[in-house]
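For reference, the structure I am asking about is given below.
Here the chain labels run A, B, C, D and E in written order, and each chain numbers its own residues starting at 1.
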């Protein structure tokens, strides 16, 4: 077990709490930096997707995990970002400007969607965002001369001036930089008053208000930040996928995004990343695995959906706290190693309480 | 309004459907005193608190508060502005941020003193860091004051009832209020802890100079710390005065205190069924 | 005339939405979770009816009964195997579970060789019959849906309002811990609720089958039932029906009078409007925590 | 320390240990409540009183030890089953059903009962104890004031007409007058119906007066037990639970030694 | 040497919808391909190389299609992508393939983008919906003497292509679309749309619909007592229409190329083929099985000609001189060239007569 003697308030504020953190995160950084040379191209592309989804996941985690507002229409923000980026890039705008626009436009849309969030919670908010998601999807299909409608819109590679990033490696680094930046920003926010205000709103609106937190402002802010990250993620997604069509941003995508943060573990930054890894790697693993299965099962229709659903069920059943929750237990197990007692993490009976009154 | 009056309620009424929860109640809270509301269950005490912290809007009547910026009509303000004026409160049923540590709860209490902007927080600039450390220092003072060192890093969800009460008080103190509203601070505490609470409340008044408005059922505590007491019943004012005066008011005894000493009537040892 | 015919069509369609929404509300009222598997249960129910009718050759009414009872048992089983182990976890975990269950149900049905990937028609005795009232037409399928929906809604409403069981279900959803303290068999009630919801889903599936056919993705119509539930107020059974009717009629009218494309988003626009004007729906409780 | 063995014990805890995750809340508690008796558990904040009650009613499963109710082993049983056997728990913090009417709340208290007449009679009884509940019978319970909710929680338990009631701080948030009335009611129920009661209460004075037998809990262990008459005479109890001591100087209090019996 | 071709094996990839809305078609296309692959392998492969077909599931979702394409192209190193289903899915996957010089061979979609704009790695076989309607609609309209032609269509790229083609066709005979109504994919209720068309007194309705919507719209119209002539594209040329819709579907026209392989077809070779398929997979074949079968068949022909040193370039060289005669299913004769990447844009007409599709015209000669 690790004991840390604190001598300074800064120790609590610091990001890396102890040497272990420094060591492991450096190792991770090193791996990410050499990944293009260490990984086959296919897996590098998957890693890029993970980074992109992690950015989106960070945003959704901020909203759902830390502010307690569940959005069932997050794909719409992803879509707004993606289309903005696609249109601007195809018009020849330099990447830094276009992605900023993608983020900002998404944030603006997020603020608008945040408006009903000021009055409704829980399931009603879910439905409001769901409805909004449908409307945006329809809008993307209808606004043909900009979005190309259902015929879709090809996306050029990002570039500044005459220089374009069209290699898998180059784009990977671009995503890496943005992802690290986004992570740091969110982590910073969470150790500052704004982040705490979000958590306060999540746990008790009434007492957050009596602590002087302007509910409307912070909820809107949470929506805006979350949408901005989704927009940035969407912009990168657009480049990675190179072809946009409205049905990529449907309710299914929204549900996937929500699954990502829940499976990762609500209320933790790590969760966003673990969830992104799950979301990308899981279908790939199923696809890989089926090559080894007997033909009759491996190639049957519906297999992918069944396995995906089953894994999802298994995850929620065995680890409702998500991947990060599982990781915490494993870590504690190692830390306590010789003293670990059976049943220490036995799930206690727990009891659901109505969140209609919050 | 007098210079030494901090909060003044005039003819407050609020009605919920058929229930007249508060009925034309008026009172003044003077600077630096402990003012206590007592009354039978359902008398409307908590509702008065909720009116002050703007959770409810009165059907009629007004509340004025002597803020730093002069006299303000509280009933015109949105709820989140109330804390900024220096009014903090605790809740009867404890409303803490359950999935955060005690420390984080207290830091949220510092919210009204936030001076950093979104961008500086996203980048965690030196300014934000300094502000964070300053907030921590203030919070540590409160932790020291209420002996909470032991629970600093505990999740609120796992704390015993009594400790939560103290944490809630601590969180209110972290806002550095001028007026502190305490809703049944001693409920769920045993005698010893109630005594601690009494000391803390007098310290809050004397050392920190904070005016306290309190709802309480424990008459020992009330007598010990309050300067003035207002007894309510069925939403209306019943009696006002010093603790002793109010406690001897026949209406208060009738409605609230009950006739003295029926405790011993409960004594059961002569039942003698218990093995020695 | 034109308008009347449109309204009739809208009402009939609205009843379908209402019927599915009934399932959502049922689960929500009793467990405070939203079941995303409701549409898929409906699909499985329809397939159940199809199988008993075509493979086993049961007569129509017998197979309807078999499918509904079978689905009820399936719902109980589902609760026992999947929901119960995490009973008490935040409602959102259960929402996730239902999404997973939906995937699996759809996947498994698709995997049935020769049947799963196809679209089938269900031979109902009243198929194709049309009631013609002075130029206004109402298909028998729609008439049956309207009738069954009304009966189901009335029955469920009475159960929640007046029976001890129904009140206990609501109690368990509001405060599970207290329900245990009262000796309410929360788990058993939950099983019952899921069984009931699955049975309602099966009824919806069978009623819908003549109109939308039986296929693995027929459950997606559930997405249209969400708006119905929201407009009505998520915790209200009559609200589900009224919400469904509103959505159905709005769809019908906007499809005729408004430009192309409005028919599809009209329900969602209604939802947004509703959330701005009356966030808890037409019949929803106004909730506020007392502190 | 083991409790004296008698055969008319309704409730028997043997060496019970419960924990919240890795935190042990009670460590090896043995106690028993005899038929027709009122027993009380005293203890400071966080001593584990609530945990004992929750363990008894099956809300948390003990790590070790066994619990016997009316001669049957109820360790780690489903709470609903335990209630059906005649054990009712008035939980800490009221726990009413906020969106049900007061009347429906009371009906839920009688969920396990089959005798409609009896239920109607008991409903009348609790309405007489607490007239305000009759007045608000149709109101949502969540809108009652704190004290009114407490009355409802207690009434709800009475509606079940159980053999054993576990009361967790029944006087929480009640006016002095009502507190006395509550204890009178408790004693009356106990005498008239023979209902056995296990009481946890911060108001030790009241509790010791109303009860026959008392246990003192510290840090999850029972450190003392005796008849209430005798407990009331002990100096430690007087000082720490009844607040009877020389009014100390201020500084004294702040530096007081934490109580310690071991 | 290109990726995916080794001494004794050629690896082909395909992306089908195996668990999404078109899982039925995806499965049939896959089985059709499998049938031909197995036949070829039993006969010793192509120039001694066995065929290996890898099929991924896209769930009919463009994003999943990209992931699947990445796996096939970069991980499994396929030589060619064959018979990929869905327009948006193809559009999304093609860049991944083209980066690695992998041909997109005969995607199962009749969108113009499958051969336009020109790319040397694109080959398409399906007469586009646009051309189908443009060429066939005027014929039927004239024959029926229709006065008011209207349309109900699925509100997506597919439906719009049908409508565009129809409008183009109408223009050629000096007519205009009188009324339009649309619905969203997956819709189940068409009351207001059909009432709208009925109110406009249309006597001819062009269907930009696929399967359930075809049945739904026609059934709704019949119930309302609205009985115009209905005509659709090859997208609704499947046996499901009459199986689901029953007698109400009689009289419906559709454009098509290869015919649906009924087990009791009049033509002996088709009957033989259909029964072989049925024996092998225990399922009735459909027109999608035929698409799948023909795609592999054409690939094998070209790859066989390309000889021992099969590579992308040698394959293209052969393809660009290929002509494919009509087959037992009556496909249109097709030919390719260095600038011609659509095999044939010809289609013929068929109609549901007594609950079965019946071919009623031959390919137009030009």
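Here is the rule we use: a residue touches a chain if its C-beta (ideal position, glycine included) is under 8 Å from a C-beta of that chain, and two chains touch if they have at least 3 such contacts.
This one's a predicted model, so the numbers in the text were calculated from it and none came from an experiment.
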Study note, to complete from the structure: Hopping only between chains that touch, the fewest steps from subunit B to subunit D number 1
Check your understanding: Taking mean CA positions as centres, which chain lies farthest from subunit B?
Key -> E
Check your understanding: Once you count every C-beta pair in contact for both, which comes out on top, A-C or A-E?
Key -> A-C
Check your understanding: Measuring between mean CA coordinates, which chain is farthest from subunit A?
Key -> D
Revision key, fill the gap. Averaging C-alpha coordinates per chain, one finds the centres of subunit B and subunit E separated by a number of Å equal to 74
Revision key, fill the gap. Distance between the CA centroids of subunit C and subunit E (whole Å) is 36
Check your understanding: CA centre of subunit B versus CA centre of subunit C: separation in Å?
Key -> 48
Point to revise | Interface hub residues of subunit C, defined as touching at least two other chains | key: 106-107, 110, 113, 116-117, 174-175, 177, 180, 216, 261, 264, 285, 287, 289, 291
Study note, to complete from the structure: Touching two or more other chains in subunit D are residues 20, 59, 98-99, 142-144
Check your understanding: Which residues of subunit B are in contact with two or more other chains?
Key -> 46, 55, 91-93, 95
Practice item. Go ahead and list every pair of chains that touch. Key: A-B, A-C, A-D, A-E, B-C, B-D, C-D, C-E
Study note, to complete from the structure: Interface with subunit D, subunit B side, in the complex: residues 16, 38-43, 46, 92-93, 158-163, 184, 187-196, 199, 217, 219-220, 255-258, 262-269, 271, 273-276
Review point. What residues on subunit A touch subunit D, complex-wise?
Key: 343-345, 348-349, 351, 354, 356-357
**Study point:** Of subunit C, residues touching subunit D in the complex
**Key:** 164, 167-168, 170-171, 174-175, 177-188, 285, 287, 289-290
Check your understanding: What part of subunit C is in contact with subunit E in the complex they form?
Key -> 2, 5-6, 9-10, 13, 16, 106-107, 110, 113-114, 116-121, 128, 130, 137, 139, 208, 211-213, 215-217, 220-221, 251-256, 260-261, 263-264
Practice item. Would you pull the subunit D residues touching subunit C in the complex into a rising list? Key: 57-59, 78-80, 82-84, 88-91, 95-100, 104-105, 107-109, 111-112, 142-144, 156, 160
